[in-house]
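Structure record follows, encoded as C-alpha cells.
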Amino acid sequence: MISFENDYSAGAHPKILQRLIETNMEPLPGYGTDHYCENAVRKIREACGCPEAQVYFLVGGTQTNAVVISSMLRSCEGVIAAETGHVNTHEAGAIEYTGHKVLTLPEHQGKLDAGELKNYMKKFYEDANHEHEVFPGMVYVSWPTEYGTLYSRAELEAIAAVCREYEMPLYLDGARLGYGLMSEEADMTLSDLAQICDVFYIGGTKVGALCGEAVVFPKGNAPKYFMTMVKQHGAMLAKGRLLGVQFDTLFTDNLYFNISRNAIEMAHRLRALLHEKGLTFYLESPTNQQFVILEDEMYRKLSQKVALSFWEKYDETHTVVRFAVSWSTTEEDLEELAEILKVG
Amino acid sequence: MISFENDYSAGAHPKILQRLIETNMEPLPGYGTDHYCENAVRKIREACGCPEAQVYFLVGGTQTNAVVISSMLRSCEGVIAAETGHVNTHEAGAIEYTGHKVLTLPEHQGKLDAGELKNYMKKFYEDANHEHEVFPGMVYVSWPTEYGTLYSRAELEAIAAVCREYEMPLYLDGARLGYGLMSEEADMTLSDLAQICDVFYIGGTKVGALCGEAVVFPKGNAPKYFMTMVKQHGAMLAKGRLLGVQFDTLFTDNLYFNISRNAIEMAHRLRALLHEKGLTFYLESPTNQQFVILEDEMYRKLSQKVALSFWEKYDETHTVVRFAVSWSTTEEDLEELAEILKVG
Amino acid sequence: MISFENDYSAGAHPKILQRLIETNMEPLPGYGTDHYCENAVRKIREACGCPEAQVYFLVGGTQTNAVVISSMLRSCEGVIAAETGHVNTHEAGAIEYTGHKVLTLPEHQGKLDAGELKNYMKKFYEDANHEHEVFPGMVYVSWPTEYGTLYSRAELEAIAAVCREYEMPLYLDGARLGYGLMSEEADMTLSDLAQICDVFYIGGTKVGALCGEAVVFPKGNAPKYFMTMVKQHGAMLAKGRLLGVQFDTLFTDNLYFNISRNAIEMAHRLRALLHEKGLTFYLESPTNQQFVILEDEMYRKLSQKVALSFWEKYDETHTVVRFAVSWSTTEEDLEELAEILKVG
Amino acid sequence: MISFENDYSAGAHPKILQRLIETNMEPLPGYGTDHYCENAVRKIREACGCPEAQVYFLVGGTQTNAVVISSMLRSCEGVIAAETGHVNTHEAGAIEYTGHKVLTLPEHQGKLDAGELKNYMKKFYEDANHEHEVFPGMVYVSWPTEYGTLYSRAELEAIAAVCREYEMPLYLDGARLGYGLMSEEADMTLSDLAQICDVFYIGGTKVGALCGEAVVFPKGNAPKYFMTMVKQHGAMLAKGRLLGVQFDTLFTDNLYFNISRNAIEMAHRLRALLHEKGLTFYLESPTNQQFVILEDEMYRKLSQKVALSFWEKYDETHTVVRFAVSWSTTEEDLEELAEILKVG
C-alpha cells in the first residue's frame, strides 16, 4: 500500500546509508567528537553563513525542543508558542516536564502574529501582578508550521523585533526546514533564518535521515555547558558518528536541499491531483503537507488503499485528513494515488 | 591507530546495516508500531522465556535509565546504587534531573552487597526521622558492572530477596548484557535474569547496534502510560524502525549472543597479552573490560599507538587505564597490540 | 486608609492570636505531630462528616496546589482547569515546575462546564495520537472561583460524574471555602463537598488565619508518603503547632463559619452600596469579591481614599476593579466607604 | 515533661507575639511588600553591614535551601555539601526534586574541609570525562553545622577562596545562625559572614520566631526574578506581614542576638551538667546542641522524664542522643534536668 501518511515513513536517503556502510568499521571517538561530526559542523556553518555558529547534533525533535528550551530559560520563565505549536500539543508535556510552562497565543494557520505577541508582552508587563506569573522568556515558532505554512521574512522579522525589544531569544523549530526552504513561497534562505533567529534546528528525521536534528546557535550563543545538558537529558549518542555521518552527507553537494526540492515538486503534483479530484482543502500549504476535508465514507474507502493521517473530525460526517509527501515520495507513488482517486 | 578505547568505537554489525538497507524504502508506521519492532519484541520475549513480557526500544543508556527509574518511583523515592553505578557518576545528573536522589552504597569491584543493602533498609526504617528522608524505592545494579564484573546468581538473588522484602523493584542495567551472558564466569542466562529482575534492559549500543536499548518488563509490569513517558522524555524515535530492525536482526539466529561471545574470546586474549607483558591489573574482569595500572611514561608512549581510556590517576606516577574489546574487535587488532606491547 | 484590596490584608482573627499566646511556651513535638494538630484533624473530620478523612496542614495556597496535584498525577498526566484557574494564572508556573501541564478549558464566570469537560475527554481518547499528548489526570476547580462565583451542587456533581467516568480525581481549591459555604447561593455544605470531591483544601489564610490551608482526603485516599512529599516541597513547618493551633481554633465553636458569615453580610452591604452608587458590575458574585467597571478618572480618585485591586483594563477609558471584604471587614469600614462614594 | 528535644519545641519569643497582636488589624499589602518587611530588610542590612544587600523572607529551612540553590545553579550543576549536610540527609530529596544533585564530600564533625574541596575541584576538571558529570556549581555549608560545630574564620575563608577560584557561590545555611554568632568559639560576626559568603540565611524558626528565614544576598547579587521563583516554589506568604513583623522585632534592640546568647549560656550549663553526671560526649559542641552516648537502659529511663532526640545507634547497647537548648530554655529547665540526672 502506498503511503502519504507522514514524512517519516521511509528510512534514510540511500547516500546516507552508503556512507554509514563506508565508515562503519572506522574506530572513532564517541559522543560527537569524531571527525564526521566536525565536518558536518563546518558544512552547516558554511550553509548558514555563520562562521562562529555552534552546532550540536541531537536525536529527535521533541528531545531537541526540550533541551534547547529548558537550557535557555530561567526557572520561572515560559516559552510562548502558537496554540498549535508542536511543543504545546504533541510532545506529551516534554516542556512542562522540564519545569516550564508553554504560554499559548492564538494561531493563524499555525502561525503566531507579531502584533498579538507585542500586545501580550505589553499587557504582561502592565499587569501589577506579573511577578506572580510565568515570565515570557522565549518565543517558539515552527517553520514550516505544523500546518505546512510559512512565515514570510517580514512576518518573522516582526516577531524577532518583539523578541529583541523584550530580550527574549527567538527559537525556530525546523523539523521540516528543508521543505520550507525549497518552497516557492519561501522568501528566506537558511542564511537569512540564521540572521533572524537566536537558535534553530535543521531537521534531519523528516528530511532524509534515519534520525537526527542539528541545533544551531548562529551567534555562538549556546548556553554554558550545553553538551552536558544534552547528556543530562539522555539526548547524547555514544556513537555520535551516526549523526555526524548523516549530517555530513546531507550537507555535501547540497543533498539536503536537493531532496527537499523533490518533496516540494511532489507536493505540487499532489495538490494538483487533489484539486482535479475536486476535494475541499482544509488548508492548502506551500510545503509538503496538504490538508483536505473528506466525507467519512470516502475517507474510509481511501484508507484501504492509501495510508493517510487522520487530523481531526471536521463535522458529524466529515474528517480532516493530511496527505504528506517527503524526500522519498516518487512519481510512481503519485501515479498510483491518481489511479486510486480516479476510481475511488 | 587501533582502538581499545571503548566498546562503542565502531559502527554496527554488518548484518544490521544490511537489514537497514533491505528494509529502507518500505513505508512503515512510526513510533515503534512497525512490524520489525513487533518481531523484535516477540523474539526478545522468547529469548527471555517470558511470553508476557513488555518490551520497549529506547535510544541510549542514560535516557533509558532516566525513563525507567523515574517512571517507577514515587516522587519522594530514590534509587539505590553502588557509588560507582553509572547513574551516580557519568550521566550528568540525569536521574536527579527527573527529581530523584541516587542513594549510594559502597561498591565492591562495582557491585552492591546484599548484606549492606539489607542493613541500609533496616536502619532506614528504624530511624525515627525517616519520613524526612528520601525513601529507597528501587535498586539499580549493572551487569556487567562499570568495572566489567558480574554478580553471581546467588549474589543477585540475595539482592532480589531484599528488594522483595521491602517491595522495591530491582532494575538491572544491561548496557553490556551480551558480554556478561557470554562470560565463562556467568552462572545466569537471559531467562534467569528475567526471572530475578523486575525490569532490565538489553544493551544494543555497546553490543553491535548503532544505537538502541531494549527495556524488558518481564512480568508485564510496565508502568501505566509507559510509552507516553518515553515520549515525554524525548526518547521516542519517529522512525522507530531504526530500533526495530536492529533488534530484530540482533535476535535472529542468535546474532546478539554470537557477537558477544567473540568479544569474550578477544577479552581472553587481551588478558593473556597484558599478563605476558607483566602489567599490574587494577581489576581483572571476566567480561570485555580490563583495567591495568601503567607507569605514566609507559601510558604516554602507548597512547601514541593505541587508543585507550584514562580511568583515573592511581598515584603520583601511575595511571589506571582501561582496555576494552567489543563485538568488533578482531584477531588482527590483538596481534597489532601484541606487537606494540612487545616494542613499547 | 480603609482597604477593600483583598481578603488577606489583616492579620489573624483575635481568638487565634489569643490561643497562640496561651499555648506559646508549651513544649511540643514538631512537624505537625503535636496535639493541637491532632485536635484540629479530629474537628475537621467531624465538620466534614468523614471519620476516615486524612487531613494535612500546609502553609499557603500555591504550595498546597503544587503538592496535592503533583502527588496525585502520573508524570505524563496534566491537570484540567478553567483558563482563569489560579493554578493557570497566578502561581508563577508552580504546577509546571513540578513537571505537569495545566490543561485549560474555557471559563464561564470562572467555572468549568461539565459538558465541555466531557467533550474534551471524549475527544482526547478518540484522537489516534493521544499517546503523544498529556493525559488528563485530574480536574481542578476552585470554590468559590477566582471571580467569587459558586458551582451549584448539580454543576459540581456533573463534573464529578465525568471525573468518575474517566477515573480522574476531582480536586477543589477552597482558598475561600468559608465564604462559599456561608453564601446564600450555596446549596452545598462542607459535608456535601467532602462527598463529591476526592481531595480539597479548607483555606485558612483568607479566612481568619495568619497562614495555613487544611488539605482533606475525605476517603482516606491520600497518596502514599504524602507527608514526605510535603517535606520534599519545603511545605512542612518545623513548628507545626502554628497551623495546628490556628485550625483547632477555627474549628472550635464554629469560628470558621461564623467569621465567614460576617464576610458574607459585609459583602451584601458592599453590593448594595455599589448599586446605590449606580456602578456597573463586571461580575456580581454571591461571595466576598465584587467586580465593577470604573471610569479611569473615578478609579484614580477612589484609589486615593480606599485600597482596591486593579483587575484588568476594560477598555481605553475604563478599568475592572475588585472590592474584597473578609472576616475582618467591619461596619465602620463600609460606612467609611459609603461616605467616600457619596463624595467621590 | 521538660524538653531538650530540639530548638523548635516552643512557640515564639513573647515580644514577637506582642508585636503580631499590636499590628494585627492594620491593613497591609500582601506578599512581603508591607512596611514591616521593609523595616526588617533595612535592619538586617544594617546588622550585616551591607547597605546594598537584598533580603527576602521565606517560611522554612528546607524550602529556603531549595529555592536558593535551584535559583543559583545551571541545570547540570550540583551543590557540594558535607555528607551530613541537611540538604543531603533530612530534606526528603528537596534539592533533587528541583533537578540538582547534592555532591557529597566527607564531613569532619559536620564540616567540609577546604583542602578536600580543592582536591575535589582539581580532580573534577582533570577528568577527561567531566563533561558527562554533574558540574559542581555551588558550595553549601551550615553554620552552626548539624552537629553544632562552627567553622572558624580561617576555615570558612579557605573554603570561600576555593569557591572564588572556581567561580562557585558559597551558600551558608544559618538555620541556627544566632547560636553560632553568640558562641564563645565564634571568631566571626554577622558582618564577617556577609563579607565571606555569596548568600546565606538568618534562621528565624529555631531562634525565636514561629517560622521564617531571612535570605541575604549581601552583594545585591540575587538571581533575576528571585521573588517569582519564591512564588513558583510555593514559598511566598500572602500575609507576608507574618514574616516582616517577626524579623522586624528580632532585629530591634538586638533581640535576635540577646535571645541567642541566652541559649548559649544555657548550653554551658547543660554541658556542665552532662559532664558532672560523667556522661560520654559523642560530640561536645560550642553551640546549642550536645551529643552524648547513653546506655540504652539509661536512655529508656531518661526518656520518661525528659524529651530528648534519638540521634543514632552507637553500638548494640548504646545510643547517641541529642540534648538541645534554645532561646526559650530556662534555668528552671536545667535545674529540673539536674534533678532528673541526679536520680536517674
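The first chain written gets the first letter, and so on, giving A, B, C and D; residue counts start at 1 in each chain.
Assume a residue touches a chain if its C-beta (ideal position, glycine included) is under 8 Å from a C-beta of that chain, and two chains touch if they have at least 3 such contacts.
All values derive from a computational prediction rather than experimental measurement.
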Key: Taking each chain's C-alpha mean as its centre, the one farthest from chain A   = D
Request  = Using the touch rule from the top, work out which pair, B-D or A-B, shares more C-beta pairs.
outcome  = A-B
Query = What whole-Å value do you get for the distance between chain A and chain B if each is reduced to the mean of its CA atoms?
reply = 33
Request  = Compute the distance, rounded to whole Å, between the mean C-alpha positions of chain B and chain D.
outcome  = 42
Ask   = Using the touch rule from the top of the page, what residues of chain A touch 2 or more other chains?
value = 75-76, 91-93, 97, 99, 131-133, 228-229, 231-232
Key: Contact footprint of chain C on chain D as seen in their complex   = 1-3, 5-6, 8-12, 14, 17, 20-21, 23-30, 59-67, 91-94, 97, 205-206, 210-211, 228-229, 231-239, 241-242, 307, 328
Request  = Within their complex, state which residues of chain A touch chain D.
outcome  = 31, 70-71, 74-77, 99, 131-133, 135, 223-225, 227-229, 231-232
Key: Contact set on chain D toward chain B in their complex   = 75-76, 78, 89-93, 96-102, 126-129, 131-134, 310, 312-313
